[in-house]
Amino acid sequence: MAGSTFGTIFRISTWGESHGKGVGVVVDGCPAGLPLCEEDIQVYLDRRKPGQSKFATPRKEEDAVEILSGVFEGKTTGTPISMIVFNHTQRSKDYSDIANYYRPGHADYTFDEKYGFRDYRGGGRSSGRETIARVAAGAIAAKLLKELGIQVYAYTKSIGDIEIDNSRFNLEERLENPVCMPDAEAAGLAQELLSEKMKEKDSVGGVVECVVKNLMPGVGEPVFDKLDAKLGQALFSIGAVKAVEIGAGFKAAKMCGSQDNDQFYMDNGKVCKRTNNAGGILGGISDGSDVVIRAAFKPTASIFQTQNTINKNHENIEINIKGRHDPIIVPRAVVVVEAMTAITVLDLLLVSMTSTLSGIQKFFKK
Amino acid sequence: MAGSTFGTIFRISTWGESHGKGVGVVVDGCPAGLPLCEEDIQVYLDRRKPGQSKFATPRKEEDAVEILSGVFEGKTTGTPISMIVFNHTQRSKDYSDIANYYRPGHADYTFDEKYGFRDYRGGGRSSGRETIARVAAGAIAAKLLKELGIQVYAYTKSIGDIEIDNSRFNLEERLENPVCMPDAEAAGLAQELLSEKMKEKDSVGGVVECVVKNLMPGVGEPVFDKLDAKLGQALFSIGAVKAVEIGAGFKAAKMCGSQDNDQFYMDNGKVCKRTNNAGGILGGISDGSDVVIRAAFKPTASIFQTQNTINKNHENIEINIKGRHDPIIVPRAVVVVEAMTAITVLDLLLVSMTSTLSGIQKFFKK
Amino acid sequence: MAGSTFGTIFRISTWGESHGKGVGVVVDGCPAGLPLCEEDIQVYLDRRKPGQSKFATPRKEEDAVEILSGVFEGKTTGTPISMIVFNHTQRSKDYSDIANYYRPGHADYTFDEKYGFRDYRGGGRSSGRETIARVAAGAIAAKLLKELGIQVYAYTKSIGDIEIDNSRFNLEERLENPVCMPDAEAAGLAQELLSEKMKEKDSVGGVVECVVKNLMPGVGEPVFDKLDAKLGQALFSIGAVKAVEIGAGFKAAKMCGSQDNDQFYMDNGKVCKRTNNAGGILGGISDGSDVVIRAAFKPTASIFQTQNTINKNHENIEINIKGRHDPIIVPRAVVVVEAMTAITVLDLLLVSMTSTLSGIQKFFKK
Amino acid sequence: MAGSTFGTIFRISTWGESHGKGVGVVVDGCPAGLPLCEEDIQVYLDRRKPGQSKFATPRKEEDAVEILSGVFEGKTTGTPISMIVFNHTQRSKDYSDIANYYRPGHADYTFDEKYGFRDYRGGGRSSGRETIARVAAGAIAAKLLKELGIQVYAYTKSIGDIEIDNSRFNLEERLENPVCMPDAEAAGLAQELLSEKMKEKDSVGGVVECVVKNLMPGVGEPVFDKLDAKLGQALFSIGAVKAVEIGAGFKAAKMCGSQDNDQFYMDNGKVCKRTNNAGGILGGISDGSDVVIRAAFKPTASIFQTQNTINKNHENIEINIKGRHDPIIVPRAVVVVEAMTAITVLDLLLVSMTSTLSGIQKFFKK
């Protein structure tokens, strides 16, 4: 199937492998007239770039984006925007041995079972480099949402057991530390934890939280294309995500209705809610308060301890993974979560324009 | 948008409101030759039927399904299967007052904002009755999967703080108690909790777990139509679900790679894994072990305590919800989770038949 | 696949067989607020009803539509509109013999090859009754288009060699004669031809033309969802259609560019074209002039002459088809063409609302 | 909307403008294991290359394809195949004046109306160069079909009034003359006609016919995704196509049922038809005989005669188009028709694998 396509109106199709010629994306259905240049995309890509700290792989990837179509005289034309990031610095030899065995926690085995063989170099299509395409498309979605007054931002909420303290929350701080935490103190502790785990040749997981501010009510389509349902698909589609929560999330399962229900009230003529356990979504439709969503990432599967597994000949073996691997995925995944959220919200926002006859009549009235 | 449609090959389109003429579903793309009768569907619907215990609404709903098309001489024909459950016992007067205000935790406000008005009777399209259509379609998917040797079953994992103990796990037990728990002792405690909360005019949430057994490796399409991504959409599309986990889920975020990685090994010529933190899915593709997924349900939004909210005129008011409402959604949602899981797995299984040229050649060879 | 679904925003899913319990359609994505009642649908269905003249089958079909969902207090709610027409008067015995052989010109053979067996009663899913669902959905699309000032109408252009003369064109006339021709004289000749062919136990084909008036420029999405491409799919999906033309159609292939090019000019501040060989579509996008499209229908496949064919055991046999069959499909297909055109135009019109950032900004500005 | 995407399982997404950096396509859902190299694609692209005769534009376009992903060790991997053809030789100055007016027969006006502005260089997205992406994708589809024993080929059937004579039909001949006619004599007459029209600064239209041989019965999904319906969309999506016919096409509208019905008979244990007026498709499903389809192309819109039109300021003006333009589109469009047909047939063939439970069971049986 066309599993590499996402979205109904604002639709993206991604392609590329870790060690092929490059990775890229075609963004179809982007409205015309949005000012756009490569720098708009590059600032997003730079946030997921490796080699920025000792907790990220020391590979130097250029990850320079090129826009190939869909932009003319500095504005989107309404036709497909094709973007490419060429692969430059792969050292294929690093990966030659993984051709013959199945790394625990990776997709080697399932790709072989599904397709009969696989591009084993650096994980091929299942590599984290695939997310470059998402981030490039997300940068466009985020820019368009911004033109409508809507902001999307994500940050690291926790790494292992270290969680940010909301009383110290400072959004700017997330760009100041290598773990993307909006809390300097937690960021310090998290870095200590990571250093420790690196010494142990081990890796750690964590949680990313994403917020959408100023989204108008009415976005999301009952029943299967609910805003939360499509966000669920979007975030679970990111490699290494094992859980997704909206609003109170799992905590809601332990709450009583009298605690969980967000009470509406009027404040200066504005509809407000006392709490936001719903995470800004009721019945699958945005309610005007912040959309709050979280994704849990498993620890990096590539660790440097000796591991047991099997090879292609279905024999039990021991392996020692080489190469360069982040001890944690989370900090670099923050912008990926942000991108997927922006893409999803924009797509459903565009769809929501057709919800009422009166809205359509107003639109076409000269 | 066509938000009421789900699936690529095995595609369902649902319709209907709580107090309209009925609810139904069109199942398109069901392969021909599956033996099917209304009783096959009815046994699934009966599992979500209200009025079966004191913890479920005392409304007596018939919920008798009728197959209108797509079955001939006892077998599916490959053409759309239309199914309907007529609504019989609604008392519209119970709901007349909710026309004018927005119940906390419900979709009243967002439907009005999106569509300009809403069918307020019993929640209209956002009512739990909408899930009848999913269960009817899921019964077909489950039956077809069974013909391929694949089982899908769900059960209540927790209610409030009461969680089943795996040492007492007994799948048969889930059909023996009104809370659908596969653990008689936990079921007893959960019923005590529910009785207490009912006295307090309050409600409780919980968690449903679902397992897919004997699924072959290779099901799921990278990148956006991964098996976990589509299951994420499927489960988040169920009303009241606020979180979804695969395998180790949120726990994976606190684990080290050395703990989380499932080691492969050979056992009597069969590929096995020492653990199943991945929940049966690697890189979005089934790996041959059990698929394990969980959904967290918030507590029933309709509680009998006095609540603060606003009305349609945007004035602060107090309300007292009347009518008949379950103090918990979870036990009746178990079969809905099962249904959505079966639909998703079947759809991606059908798609996976086109993964390799050699498979296609084998299929068409005479 | 889900072959019974059409449309992206305004999406229809049809179901039902000739001799099953009924035929129906779920219309998903219809904007909220459209006044709608069953009578709005019925007037369209009555136009395709059989038994209205000696050239149409004498079966008395009720074809009374029932709206099951999606309408509340006389207006569409934005949720799926389910409609059903129950089958009443089928005499299954008429069709019992066709279970065992393959009628020339029918889908008996291909359904058996594809699905392994078929509902043979009256053609099952491939019966003309399937179009009831399209007409019901089309009635809604046409009503919504009318609210936007857009008209869609079709008529018989030719039957066999008898073609309407544009100098006598009178749209009202098409409802006055049993062959739906907007030219009384041609209609008379066509009826003579039909009487003659009925005596010869034979059938005739013809051409339906459809016009969309007052469609704004800008509707249609390059490259594969061009307005003409989707109209092409829509009309070819109608049983018995063997050719489709836009504007000058096949004649354009014999023209020179200097003849075919429609010259633009200004008339009282309005953009006009001297000719309309393009049929109102340039580059797949509506240009503001009339959209003109034609579909050619083959003669009714069921004729009463003795025919040679094969049976299910793959033996050569002679057959004599019984039952009641129109000697021509065209007059009853006129409203089907109109319906499919309205559905297609509306869907792409809704999509076109997202073409520009400035349009989106205007839409969401409070 | 995502108008640049086509297909359900074998899905293509195209991008690029005439004078941008390049044109390209992402082919998603191509089964793994197909041997594929750039030369396989290039031979198809070379068939649409301009500059090959005096009847094609003298522009020298390289049109060298590069495969960027989805192929590893000479075989497709099942992941998206991204292909690009860089634009090299455009002379943008040739087109600078058309920025300000609307050429008759072109999409200049409708693009401006839809998107607010357009990339005017060489027609931008509506240029014939867009078809490069289709041909590249079609080459893959055709190669895969060939592995299944299915051939797809197209040729020029007529140019202006000059039509091939079936008694002189010689398929090899189509590659021997610059008008792609499988009839040397007709090809000669057509070239005379073209020379004459070039002297008159005019252009001519024509008809392309395409045949699919050895397609198994059972391909095509009732009701809206019939094989003919999707072929209709596919061919109408090609710029300049104004009509499409299947089998007898428009002639069927003038035939009697006794002439049009294709009689089945057995020949050496094989199901055969005496005629093929159905064009290999009954009820939207392939019947095992040749699929025959035709597309009518209008004459090239760019002619060198003085024409009347309007400019962006909505003033009447006279224009003289410059640059290099083919006097006919047809010969270079032959391979485009072939490509779109192959893509459509392959996609529906893959879908048809899920038609029956017994087929699915056989597929998964070990």
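As written, the chain order gives the labels A, B, C and D, with residue 1 at the start of each chain.
One rule holds for everything that comes next: a contact is a pair of C-beta atoms (placed from the backbone, for glycine too) under 8 Å apart; a residue touches a chain by one contact, two chains touch by 3 or more.
Please read all numbers here as calculations on a predicted model, not as lab measurements.
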| item | value |
| --- | --- |
| Furthest chain, CA centroid comparison against chain A | C |
| Chain pair, A-D or B-D, that carries the greater number of C-beta contacts | A-D |
| Chain centre separation (chain C, chain D; CA means) in Å | 26 |
| Where chain A and chain D are represented by their mean Cα positions, the distance between them in whole Å | 38 |
| Distance between the centres, which are taken as Cα means, of chain D and chain B, whole angstrom | 44 |
| Residues of chain B touching at least two other chains | 1-5, 8-9, 14, 29, 32-33, 78-79, 114-116, 125, 222, 351, 354-356, 358 |
| Residues of chain C that touch chain B when the two form their complex | 1-5, 7-9, 11, 13-17, 20-24, 26, 28-29, 32-33, 66, 68-70, 72-73, 75, 77-82, 84, 114-119, 124-125 |
| Chain D contact footprint on chain C (complex, rising order) | 1-6, 8, 14, 102, 104-107, 109-111, 113-116, 125-126, 130, 158, 160-161, 197, 200, 202-207, 217-218, 220-226, 228-237, 239, 241-250, 252-266, 269, 271, 274, 277-279, 282-288, 296-303, 305, 307-310, 314-316, 348, 351-352, 354-356, 358 |
| Residue ranges of chain C touching chain A (in the complex, touch as defined) | 8-9, 29, 31-34, 76, 78-79, 144, 147-148, 216, 222, 350-351, 353-364 |
